[in-house]
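Labels for the chains are A, B, C and D, by order of writing; each one numbers its residues from 1.
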Amino acid sequence: MSLQKICEIIAAEPLTPHAYSITLEAGRIAEEARAGQFVHIRCGDGLLLRRPISICDVNGSRLRIVFEVRGEGTRWLALRGAGEALDVLGPLGHGFDLTGEKLLLVGGGIGVPPMLHTANCSGGEVHAALGFRSADRAMLISEFQQAAKTVAVASDDGSIGVHGYVDGLVREAAARENGFSAILACGPKPMLRSVAAVAAELQIPCQVSMEERMGCGVGACLVCACKTADGHYRHACKDGPVFRAEEVCWDD
Amino acid sequence: MSLQKICEIIAAEPLTPHAYSITLEAGRIAEEARAGQFVHIRCGDGLLLRRPISICDVNGSRLRIVFEVRGEGTRWLALRGAGEALDVLGPLGHGFDLTGEKLLLVGGGIGVPPMLHTANCSGGEVHAALGFRSADRAMLISEFQQAAKTVAVASDDGSIGVHGYVDGLVREAAARENGFSAILACGPKPMLRSVAAVAAELQIPCQVSMEERMGCGVGACLVCACKTADGHYRHACKDGPVFRAEEVCWDD
Amino acid sequence: MIDQSVCLAGVTLKNPIVAASGTFGFGREYGTFYDLSELGAICVKGLTPRRREGNPPPRIAETPMGIINSVGLQNPGVDAFIAAELPELRRHDVKIIANISGDTPEEYGEMCEKLSAAGVDLVEVNISCPNVKAGGLAYGTKPELAAEVTALAKRHSTVPVMVKLSPNVTDITEIAKAVAEAGADALSLINTLRGMRIDVNTRRPILRQNTGGLSGPAVLPVAVRMVWEVACAVKLPILGMGGVSCGSDAVQLMLAGASAVAVGTACFTDPYAPVKVRDELTQIAQSQGHGRVAELTGGVLPW
Amino acid sequence: MIDQSVCLAGVTLKNPIVAASGTFGFGREYGTFYDLSELGAICVKGLTPRRREGNPPPRIAETPMGIINSVGLQNPGVDAFIAAELPELRRHDVKIIANISGDTPEEYGEMCEKLSAAGVDLVEVNISCPNVKAGGLAYGTKPELAAEVTALAKRHSTVPVMVKLSPNVTDITEIAKAVAEAGADALSLINTLRGMRIDVNTRRPILRQNTGGLSGPAVLPVAVRMVWEVACAVKLPILGMGGVSCGSDAVQLMLAGASAVAVGTACFTDPYAPVKVRDELTQIAQSQGHGRVAELTGGVLPW
């Protein structure tokens, strides 16, 4: 059940030099949010399209989002302050399936925030593998340390954690711990592709959260097409953003 | 010489239930402003066209405008507060010719504000005749009482001043005082038409400030056409907004 | 409350607001926000004889007060629509308009037959989709072809046939007249204008199809002009659309000659847009002293 | 600083930014804000053989991210331009493009002869003004007529001839090809799209002419699409325009195939727009590692 609500901003702050965190009083949107879902936010009067942002965390009726400035919409969003209001649609999409005793949560870059809510939602044991471009982009690590049994960090330039990519962390985690019921991942497509490849190799079921440009955000306009392995198109906003890795067409 | 300047708002306040007053730190735009000129104001990012607003008063580098909310742009303007900035182009247009010993200034409705600056600019004796729809729309009367030797007021419904139109006041003033060098008027076209008729009858030279929808505001786009008595089009932003009454084509 | 009902080609809509084809799916999604019976009609996503996958993504890009899309008529096919979607839609008290696109005139005929039998209220013949190669736009730009498709659609329909015109033409009245002569019961306009946006960093067009259809507030003045031109040129009722996002936009289209007004892109900004447009439009008509919103139609006073 | 110069039909502009015809008068007014030599070229207000008064007001209305205008080619006539304006313009180090409109092909020829002799750098043949009855738009929508006007303009010109195309056509490449074959040295596009706005209270169209030409950011995606289509269809250099208000808009048009870019409506919002667009465009080209802004032209990578 998705809702539209004008949500008051409770807190707005920069989290890293590149990322911002906003906490909203979101009422039922927060209460009904499930792991891996997103909200669709109106960014000022001048932009027709809402911007999809994952739910990073929920606390009662409060909902937190974390985002990077990429263009006009997120730039507008970054300028908001506590007390202002945001027009939010949500919770949207098909999130992660959290069944399984022991989950490995994998986040890359701005794909890290939704894995925090996922960690907090899952009943079983969770381990986190987080990748960042560099130390100044690292975020939410202490929150993950609270929510997960182990937290491994990697960075592209070695400035924080292991020098390397998250798929390396996935291999290590799988070697160290045994018996992951599932790997759940969010991040840029190339990262998801390698995580999916490692998961397939290790024969661990894998779910990935995909990004696509959106219109309505609710499944009505069919613009957010994701190609599936069988050559059909499914829709990120409704059928996804989370898909089983083997459903996804990884070409291009 | 017209300039573009981002001007800080020094004061912004409602003047009547319908009109707002904004005082700007306008630097040279204020210093160079002459009676009857206007400024062209950008009203937010969503509106492409600036809005022309007459200069109501000048005090050093400070410039005051007074306006009514008519649509989107003036609605935006009415929401501004002290400390904010406005993108202003000005001073624009060809203002009033103030030569003459004794001037009768005539303002109707939202045409009243520019006559205040005109009163303050003129060297000789000035008398003012102001018309309003009703008492709750009356404004700037005390300022005029400071600037002018006599101030006569009329209203359409009799709720303030004389019950009637300003052309009546013009007749009375001309009968009372003798030897006006000129009548200068600003207001809605029907009012200007009748004032011009009275002036012609009394054989007093008359100048009128005309409104027309504008694009550039500086004379480059030719959209602000005002038909002249000889059938040609002149341009409100550059040739006007002030024209000699006999130049204007008063049909329609 | 004034009478909101309007008549479009003999079909009475309880109010003049129609969900525009392709922006409202088959109604299910927006039906979770409000009761679909609030609307005058729902024009469903464009149907083709068989299932279509549509174009590869990205399928959408934002432009100043507009969007361009290149969905490419992804849909489950007319049979699946009739079996799986129509019964669900029929549970609401709202008129259903089936929007159809074919590769050949015969395909249009085939779909009209099935949809008439299945009991839609109106068929909207889309001869103007800019996002498919065959058929589509070509039919919409050539009067003879437009007339041929219209005639065939009429022959195979037992419900009124409305033809949706493309704005990407030199003279829209020429197509409107051809379609009217071929027997159309109503016209709808405008479909999207063709546009393009290039990512200056990657140098790629944002849409995977390079170009797409422009809709949203940016196109409103073009829509008003075309509705007015068509209303002056032919006697048919018009479903006006293109850039409507508030009541006064809709009133403009009605004054220009539209009997009803569709709301599309505005739903993406605000899911409640159609309902708000309806309320604002009613409010304007009422404040102007009308007893029926239908009185707005054609009320423009050209100079 | 990278090389900003571009070449348009053999004429070298010191930078690719051109003031669009009709939005910049004869340069005098904006010349009080900045030195006109900052621009690559100035395209002057549309000229006709004799003085024209233009249309009655209102001549402008605002639309979402656009404006519609119906000036109707008010101008002092080609002779007065040559006598009173050209000498003044010539005092600046900027190329001068004379924009001309005629009622007959012969009138175009007549003006080309006078303007060539007077020493403008380029003639822009406007076959696409939507705001005048005779000639104008008609020439711009019929390939044969467009070709005839072009041929006559060429025959009477000693300077390069650029033809300005209308976007109000089904297939702009058809006109572009006809004009290219008739000998045009360059093409400019787009002129305004036809639009209308109605005052819902008075029920009057806001423009006294009922309809007018739409320009401003709203039309940018249409301009990018058309420049790209024309660049793919003909080999002539293109002056791109339509909705440019920042550097990346101009870059889009250059990537789509334009050699230079005109800025029009944006001047009304910000008198410095052409200069800012130039700086931002240069900045983008430079940050992308180009040695010359001209390298942007045609750089789009279509899918």
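To be clear about the criterion, a contact is a pair of C-beta atoms (placed from the backbone, for glycine too) under 8 Å apart; a residue touches a chain by one contact, two chains touch by 3 or more.
A quick note: this is a predicted structure, and the numbers were derived from the prediction, not measured.
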Intersection of the contact lists for chain A and chain D: B, C
Relative orientation of copies chain A and chain B, as a Cα rotation angle in degrees, nearest 5: 180
Computed distance of Cα centres, chain B from chain A, in Å: 58
Centroid distance [mean C-alpha coordinates] between chain D and chain B, Å: 36
Geometric centre distance via CA averages, chain C-chain B, whole Å: 47
Multi-partner residues of chain B (each touching 2 or more other chains): 46
Where chain C touches two or more other chains, by residue: 65-66, 216-217
Touch-based graph of the chains, sorted into line, ring, star, complete or other: ring
In contact (per the touch rule at the top): chain pairs: A-B, A-C, B-D, C-D
In the complex, chain A residues that touch chain C: 1-4, 42, 46-50, 87, 89, 212-227, 231-233, 238
Touch list for chain D against partner chain B, complex: 22-25, 28-30, 32-33, 45, 53-62, 65-67, 69, 71, 74, 206, 216-217, 265, 267-272
Of all residues in chain A, those that touch chain B in their complex: 45-46
Chain D - residues contacting chain C, complex: 63-66, 68, 141, 168-171, 193-198, 200-205, 208-211, 214, 216-222, 224-225, 228, 243, 248, 251-252, 255-256, 284, 288, 299-303
